[in-house]
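Notes for the one structure printed next.
When the chains are written out, they are named A, B and C in that same order, and each has its own residue count from 1.
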Amino acid sequence: MSSPALTQEPVYVYEKPVRLWHWVNALALVVLAVTGYLIGNPPVVTGGEASDHYLFGYIRFIHFSAGYVLAIGLIGRAYWALVGNQYSRQLFVPEVYRKAYWKGVFHEILWYLFLVSEPRKHVGHNPLAGLAIFLFFVLGSLFMIVTGFALYGQGLGEGSWADRLFGWVIPLLGGSQSAHSWHHLGMWYLVIFMMMHIYIVIREQYVSRQAMVSTMIDGWRTWKDDRP
Amino acid sequence: MSTYPDSFYAVMRRQGISRRSFLKYCSLTASSLALGPQFVGNIVHAMETKPRTPVLWLHGLECTCCSESFIRSAHPLAKDVVLSMLSLDYDDTLMAAAGFQAEEVMEETMRKYKGRYILAVEGNPPLNEDGMYCIVGGKPFVEKLRYAAKDCAAVIAWGSCASWGCVQAAKPNPTRATPVHKVILDKPVIKVPGCPPIAEVMTAVITYMLTFDKLPDLDSQGRPKMFYGQRIHDKCYRRPHFDAGQFVEQWDDEAARKGYCLYKMGCKGPTTYNACSTVKWNDGVSFPIQSGHGCIGCSEEAFWDKGSFYDRVTELNVFGVEANADKMGLVTAGAVGVGIAAHAAVSINKHKKTETHKKDSL
Amino acid sequence: MNAIQTPNGFTLDNSGKRVVVDPVTRIEGHMRCEVNLDENNIIRNAVSSGTMWRGLEVILKGRDPRDAWAFTERICGVCTGTHALTSVRAVEDALSIQIPENANTIRNIMQLTLQVQDHLVHFYHLHALDWVDVVSALKADPKATSELAQSISPWEKSSPGYFLDIASRLKKFVESGQLGPFANGYWGSPAYKLPPEANLMAVAHYLEALDFQKDIVKIHTVYGGKNPHPNWLVGGVPCAINVDGVGAVGAVNMERLNLVSSIIDRTIEFIEQVYLPDLQAIASFYKDWLYGGGLSGQNVMSYGDIPEHANDRSFNNLLLPHGAILNGNLKEIHEIDLKDVNQIQEFVTHSWYRYDNENVGLHPFQGVTEPRFELGSKTKGTRTNIVNLDESAKYSWIKAPRWRGHAMEVGPLARYIVGYAKGIPAIKEPVDKLLTDLGLPVTALFSTLGRTAARGLEAQYCAHLMRHFQDKLIRTIKAGDLSTANTTKWEPDTWPQEAKGVGTTEAPRGALGHWVVIKDGKIDNYQCIVPTTWNGSPRDPQGNIGAFEAALMNTQVVNAEQPLEILRTLHSFDPCLACSTH
């Protein structure tokens, strides 16, 4: 799937639900990171009656709402991986069992190190991107969802759905305070992904041999040249 | 003053249960045991004269403040617990006998009440140096603990020492102080954590067991749900300030005098399961947050090793690096940012060259 | 073995019958005592051993100095708070942090609260049963008890009906056959001298004191949020004051101040109408039991505490006296310099620790705590089943601190001897009065009973000081000063790269010091020398014995099977083993 494309015809790669999900998910993550950071390092409101303000309450509310968006979105995206086109599965199953895949990863690394003069063409994700997206985004968000809902379960209370489903991670991480710390660290993991991701897609937009950003907008992979 | 002998009946009386309902309770018991009404009298008699449940209270490595807390109980008074509700047969801190006479008492209770006494443990056994960091009667405390646990009905692990290890188990835990449930594997262990636990929580747990004749419902960590089911933060009276985003920024600032939320001063109320914000301390006079200091999380496992008591975002140890998440994250994200900028610069440069090259070759 | 002479003047002879008391009960923590009795049942050799160690000094390394109070506070829950206060003082000394006047006042009130409560609990719940025969109280006539009680005190709970109630409760308790904590006591021993009525009165007050002590500590709860283990703060105290502004309900306000005030009043009343009369009544029956002087007639020491004004470290600013007395010379009071490496040193020749050179002592700034459990070759039993200790080798988890090479006694008696020698009226006058009332000479102070009496008198003195400081707090607030914390040096980046400091308190059991070395914002070394480290000290390389061992020497034991006299003398120090070894 991530093998070099031999075609010069445009390919419909990202179906509508994938594109919609991508942008909603991106927004949710940004909101989560900003509100999460503020939860750890609250802004100040001084003076007045406590009942006149609900600033921190709103920040947390937005965080939890975005948390739900992230989690439900990911479930939806996973469903689409089952029913969508072949490229919709790439997110969850990088083809690490294929030798050619690793060769592709290696080639991409050389490309990023400016050691080969030309990148290959890819219909779906390039192998390195696929790997990074899986390691950073898929695993990272799963970790954030599990720890996030475990912490959320502490507020909902013992026996709540979140507690029953995810409560077990808290002792596993060394207690509630440590769970907060890990969840907080997870934010940075994802921030780093977002930085690299955005940089790379924009860069690829200019230097690769295929369309990038527009693919996530209209779904079509178009090509800049007709060589294989 | 209460009536004696302090049987089950007397205890029930003190709980405000009338003689009539006591008799009703006895006949219910009779029928639930499928005994005829002629047995009710016997049950009444047994209930009225039932011996007080013996308690052996052992001390390992600790600071005795669980005992100190216990004697502060206001309802019931510690005096009434000790004289009327149970029989505190062994407790090195309070007992009259010493030396071999003290050890004899323990033996006798174990023999006479085999399977029926409660083992209360304050502190914990160290396992390094063959256990000789805590020596009782010339032998390692852990031996005595195992011995006394052999025939007990249940174990109460008082305080954070017995429940989690507490201060002596803080890194590097030089004595390998080990919580009770990791040493006593074959008996129910009821953890009543806190450093120390609240006096009235201690007496409530024990009187619950005596009154209802069963062990309290425990959460997944082995703590009675009734007192450890919620966080300090869930019932904290400063919570409206938390939600409003009104925080103390510095000790003794205007916000501190107004009683704003102590979150930014490192309060661990959001991560601590205990009853302080509801039951409060010393007959309800106050609790740490009410008196201006954040919760330090004293009922949580290993709360000593969760970074400073004054930090909100606390230290983590990731692959040997000790720093808080924001420090680790900022440094790494910063490095990635620099990397991206450098990469972008090179890319732009190269791209321009190729573009001009392409143009030239056209 | 032949008798050996210790440099501090005791003749030790371990040839007689060896008697072991382990566990020593009604103390804090774990302790073992072995003595040798001669043919007349007189103690000729005494060995006291601290049998627990947790390693707080090791655990503190590398931590944030602002957190240290919470760790050290957990050294002991009985003298709760005193280690915390000592710790914040040590850190403030190292970093030159000045605290607000109110913080000093509140800290004093909390420290005095501890003194009073701890003394009270010690007297009734840890010590009384050495003098009071609970079972004999059953024979008491409630009416006669009431007369006795009313003859010595105006305390209201003294009617015949009241004592009848207590007696019948006690009777039912004893008849149940479940004696609980009183099982297997030394009841009926001829060493008990009180008449049944005095015993019954003491039992009644045992129960009342148990109820009352929990009220005293509510002062900690007001200012520190809880007890045991209230909260403290480097730079001041965590409780803010707000008497009339918005949000005052959540701070130290008028209601809180009133609560503390009313507790102080009731405390003074309880001490003066119950504790002191009982003490005097009991003492009057044991006047001729003057064993247990030990080191008290020779070397005593007090660091001093309860600074009248904040940040004034001079000795005359301290309301509990400062100074050391050597060789019983009350005319000369030595000043103590805790930073002088030649004054305070700890030895480990007989302690289960390792130094590179075990013949020299280390000043706490250079202190090393490295455990090494090993028994001497003359130990009877095995490594994990000790029958008799070998005191010629290492035999205790307590280190041996020395002041200018001397073993010292610390505690209420030491403070009172220093205060008496200095002629401080608030200390000297009550001592003289008590001695006159009992018809005893000043030298009677140097005894087991002297220790017990000094503790009682000190409780009274401290209770009045609580009133003094509570009034002062209100005065300062009235003058408009609400400040309780100084945060200018809160952030570690305001600290020097390296700093050293000492903090001290007079804990209920005596002189307490913490030494801290801070490097790059973290604790580089932390050493505690605790009252019971002094009193319970094992021998040093010169062979000087510590205060416990000295006090036991030459005591006549009535019945070798019943260690009542040993308990009496050990208890008079109020030993705290968790403290001593930490």
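Note that in this section contacts are C-beta pairs under 8 Å (C-beta built on N, C-alpha and C of every residue); 3 or more make two chains touch, one makes a residue touch a chain.
Quick caveat: nothing in here was measured; it's all calculated off a predicted structure.
A.B. asks: For chain B, which other chain has the most distant CA centre?
C.D. replies: Using the mean of the C-alpha atoms as each chain's centre, the farthest one from chain B is A.
A.B. asks: State which chain is most central when centres are taken as means of Cα atoms.
C.D. replies: B
A.B. asks: Just curious, how far off is chain C from chain A if you go by their C-alpha centres, in Å?
C.D. replies: Result: the chain centres lie 61 Å from each other.
A.B. asks: Chain A to chain B: how many Å between their CA centres?
C.D. replies: The mean C-alpha positions of chain A and chain B differ by 39 Å.
A.B. asks: Please compute the C-alpha centroid of chain B, do the same for chain C, then give the distance between them in whole Å.
C.D. replies: Centre separation, chain B to chain C: 28 Å.
A.B. asks: Mind pulling up the chain A residues that touch chain B in the complex?
C.D. replies: That would be residues 37, 40-47, 50-57, 59, 112, 114, 154-155, 157-158, 167-168, 171, 174-182, 184-185, 187-189, 191-192, 195-196, 199, 203, 206-207 of chain A.
A.B. asks: How about chain B: which of its residues touch chain A in the complex?
C.D. replies: That would be residues 219-221, 225, 229-231, 234, 240-247, 249, 254-255, 263-264, 268, 270-273, 297, 300-303, 306-307, 312-316, 318, 324-326, 328-330, 332-333, 336-337, 340, 343-344, 346-347, 350-351 of chain B.
A.B. asks: Taking the touch rule as given, give the residues of chain B at its contact with chain C in the complex, in rising order.
C.D. replies: Those in contact with chain C are residues 1-2, 4-6, 51-52, 54, 59, 61-69, 71-74, 77-79, 82-83, 87-89, 91-99, 101-105, 126, 129-141, 143, 166-168, 170-175, 177, 195-196, 199, 237-238, 250-252, 256-260, 276, 281-283, 285-293, 296, 298, 304, 308-310.
A.B. asks: In the complex of these two chains, what residues of chain C are touching chain B?
C.D. replies: Touching chain B: residues 20-30, 32, 51-56, 58-59, 64, 66-67, 70-71, 74-78, 80, 121, 125-126, 129, 134, 165, 169, 172-173, 176, 178, 180-186, 207, 210-211, 213-214, 217-218, 220-231, 233, 235-242, 245-251, 259, 371, 373, 381, 383-387, 397, 482-485, 487, 490, 562-563, 567, 578 of chain C.
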